[in-house]
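Order as written gives the chain letters A, B and C; numbering starts at 1 within each chain.
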Amino acid sequence: MTGAESITILLLLAWGTVAGVDLVSLPQAMLSRPLVAAAVAGALLGDVGAGLRVGAVLELFALDVLPVGAVRYPDYGAAAVGATAVAAGSPWELGLGVAVGIGLLVSAVGGWSLLALRRLNADAVGRRAAALRSGEPAVIRRLHLAAIGRDAARSLLLAAFALGSAAVTLRWVRLDRETAAALTIAAIGAGAASALGGAARGAGSGRRRHWLAAGGVAGTAIGLLVWGLR
Amino acid sequence: MPFVLSRVDDRLIHGQVVIGWGRPLGVQRILLVDDEVAANEWEQDLYRMAVPEGVTIEFAGTVAAAPLLAAWQADARRSMLLTGSVPALVHLYAADPAALHRINLGGLHHRPGRTERLPYLYLTAEEYRSLVELETLGADITAQDVPSAVPVGLGALA
Amino acid sequence: MNGTGRAFLRLLSVQGSWNYERMQGIGMGYAAEPLLRDLRVAEPGRYPEAVVRSAEFFNANPYLAGLALGASARAEYDAVPGEQIVRLRAALAGPLGALGDSLFWAGILPALSGLTLAALALGAGWWAVAVFVVGFNAVRLAISRWSLATGLATGMRVGGALAASKLPRAAARSGAAAAFAVGVGTPLAAAWLLHPFGARGAASALLIAAAGLALARWSGARFTAPRFGLLALGITLLLRLVTA
C-alpha cells in the first residue's frame, strides 16, 4: 500500500464515520443520504462518476424508507462509501451491481447496529435514573455526550466493516463481464421497484397517488425521449 | 363500516399513525379516546392540526366513548380507533367486543413499574394480564408499530 | 432569556442520545440547559425540577423539536405550574411528530431526492448533489430556527402560533410534491443507468422491478428494500451460474 492509498483509506473511514453520525445523532444534514455519501466518497477516490451512479441506485433503495417516529431503518451512509470503493476505478457498467450488493449488506448491518446502540443508550439512562431525578444538568450533559461518542464508535466500526467488505470483494470476487452486467441491471431494477413501492405506500390512496402516477408518466416519457436522442 | 384499525398508543397521533398507518389504510376519520385530551380544548386543537387534510378527528373520554361505538361503526367512513392506555381499551372492549375484535398494540412507553416487552412496548404485569384476559374473551391482539414491522403475538410478550 | 444560540446548536444533536426509554428526552434536556441557566438565579427553588422536566420522555420530529423546547422553557420562566408544562410537552410531541414527519420525511426529503435523481439522469454533475444538501439544509435550518424562536416567544400559547403558521399547509402540499418528484426521478434514473445495456437490459430491469412490486404487494410490504435487493442480486447470480 502506498502512502497516497493509506491517506485515501483514512479519509474514506473518516467520511463514513461522519455519514454514520449524521444519520441520527448530529447534525442530521442528509450527509448520510446515499447520493451525498457516495458522491463524496467518489471524489475522494478520484471517480466522481462512479460515486454518483452508486449513490443514485442506493438512493432508490433508500427512498423505500420512511423514518416515521422511532421506527427501525437501514443505515446507508457507510454502506454507500463502501459500495463506491467497490465500483471506483473500473467501468461502472460492470462494477455497479456488485457494489450495490455490498452497500445493501452493509446497510442492513448498519440497521442492526442502530438497534444495539439504542439499547445501550437506554441502559445508560436506566443506570442514571436516580441521578436524573436530582435536577443536575451535568448528569444530562454527560449522558448525552457519551451517547454521541457511542454513535461515533458505532459509525467508525460500520465504516471499517464497509471498507473491509469492499477490500475483500475487490480482492476475491471475479466475475465474467456478462454476469457483472446482469447484476448491475438487477440492482437498477430492484432499486426502481423499491423507490416506487415506497412512494406508493407513502402516498396512500387519493390525490397523492395521482401525483405519483403523473410523475411516473412524465419521467418515463422524458426518459424514452432522452434514450432515443443518445 | 368496521374500524380499519383499533390501536393502543400513548403518543396518540404522531408520524406512525398518520403516515405509517393512515395513508396505506386510507383512514378518513380518527376517533381519539383519551380522558385528558377530551377534557382539554387546546390539546384537541393541537391534534386537529396534526391530522392531514381530508381526515376528521373526534374526541371522547373513555366512559363517554363506550356508548358511541355502535354509531361510530355505522358510519361509512374508514375510521381508526385510537386510545392511549390499556384500561381504556379494556373498558371499550367490554362495551362492544365485536367492534374491537382486532387490537393493535402500537406503542406504550417506559414508565416506572413497566418492563420492556418490545422496544416500543413496555407493560406492567397488570396491563399484560388485562390483555391476556381480553384475548381469552376472544380478542385478536398483536403488537406492531408500523405496517412494515412483523406483528408479534401476546404469547411472545410475556 | 439568554442562551438561545447555544440551545439552537445543541438542538442539532437532539437525537444524539436516542433510546427506547426516553427517546429524545435526554437530548431535549441537553438543549434546554443553556435556556434554563438564568432560572438558576431567578428561581433557584424551581430550577432543579425544571431541569428534571426538560429531560423527560419526549419524541417529535427532530427539526420541529424547538417548538416544544422553547415553549417549555418560556413556560418555566412564566411560572406555569409544573404539571401543565409536562402536559404541554406530552401534547406537543405527537402533533409535532405527525406534522414534521409529513413535511420532512414524506415531503421535502423525497421531493428533493427525486429531483436530484432526475437532474443527474439529465446530465447534471456532482453540483446537483451539492444543491440537494444545501437546499435541504437551508429549509431545515430556517424552519428549526423559526420553531425555537416561536416556542420561546409564545410559551403555553405555542399551539395557536403553530396552527396560524404555514406548516400544516406546507406538510399537506409537500406530500404531493414528493410523490410527483419520485415518480419523475425513478424512471429517469433507471433509463440513464440502463442506457449502456440497450433495450434488452432495460426489459430485464423492468421485469425485475415488476416482480419486486408484486412481491411487495403480496408480502404486505414486509420485504424490506435491502432484503429484496439482495434477493434479486442473489437470484441473478444463481441464474448466471446455472446457465453459464
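Definition applied: a residue touches a chain if its C-beta (ideal position, glycine included) is under 8 Å from a C-beta of that chain, and two chains touch if they have at least 3 such contacts.
Nothing here was measured: the structure is a model prediction, and the numbers come from that model.
**Q** Drawing the touching chains as a network, do you get a line, a ring, a star, a complete graph or other?
**A** complete
**Q** Counting C-beta pairs in contact, which comes out ahead: A-C or A-B?
**A** Between A-C and A-B, contacts are more numerous in A-C.
**Q** Would you identify the chain whose Cα-based centre sits farthest away from the centre of chain A?
**A** Taking each chain's C-alpha mean as its centre, the farthest from chain A is B.
**Q** Compute the distance, rounded to whole Å, between the mean C-alpha positions of chain B and chain C.
**A** 24
**Q** Between chain A and chain B, what's the gap in Å when you average each chain's C-alpha atoms?
**A** That pair's centroid distance is 34 Å.
**Q** CA centre of chain A versus CA centre of chain C: separation in Å?
**A** From the centre of chain A to the centre of chain C is 16 Å.
**Q** Would you give the residues of chain C that are in contact with at least 2 other chains, written as numbers and ranges?
**A** Touching at least two other chains: 20-23, 59, 97, 101, 105-106, 175, 221, 224.
**Q** Quick check on chain B: which residues sit in contact with 2+ other chains?
**A** 11, 14-15, 19, 24, 119-120, 147-149
**Q** Can you list the residues of chain A that touch 2 or more other chains?
**A** Within chain A, residues 66, 68-70, 118-119, 201-203, 208 contact more than one other chain.
**Q** Can you check the complex and tell me which residues of chain C touch chain B?
**A** Going by the criterion above, the answer is residues 20-23, 57, 59-61, 87, 91-102, 105-106, 159-160, 162-163, 168, 171-172, 175, 220-222, 224.
**Q** Would you mind writing out the residues of chain B in touch with chain A in their complex?
**A** Against chain A, the touching part of chain B is residues 11, 14-16, 19-20, 22-26, 54, 107, 119-120, 145-149.
**Q** Quick check on the complex: what are the chain A residues that touch chain B?
**A** My answer: residues 66, 68-72, 115, 118-119, 201-206, 208.
**Q** Please name which positions on chain B make contact with chain C in the complex.
**A** Interface residues on chain B, with respect to chain C: 11-15, 17-19, 24, 36-37, 40, 42-43, 45-47, 49-53, 109-110, 116, 119-120, 147-150.
**Q** Please name which positions on chain C make contact with chain A in the complex.
**A** The contact residues of chain C facing chain A are 12-13, 15-23, 26-27, 29-30, 33, 36, 47-52, 54-55, 59, 62-63, 97, 101, 105-106, 109-110, 113-114, 116-118, 120-122, 125-126, 129, 132-133, 136-137, 140, 175-197, 201, 204-213, 216, 221, 224-230, 232-233, 235-237, 239-240, 244.
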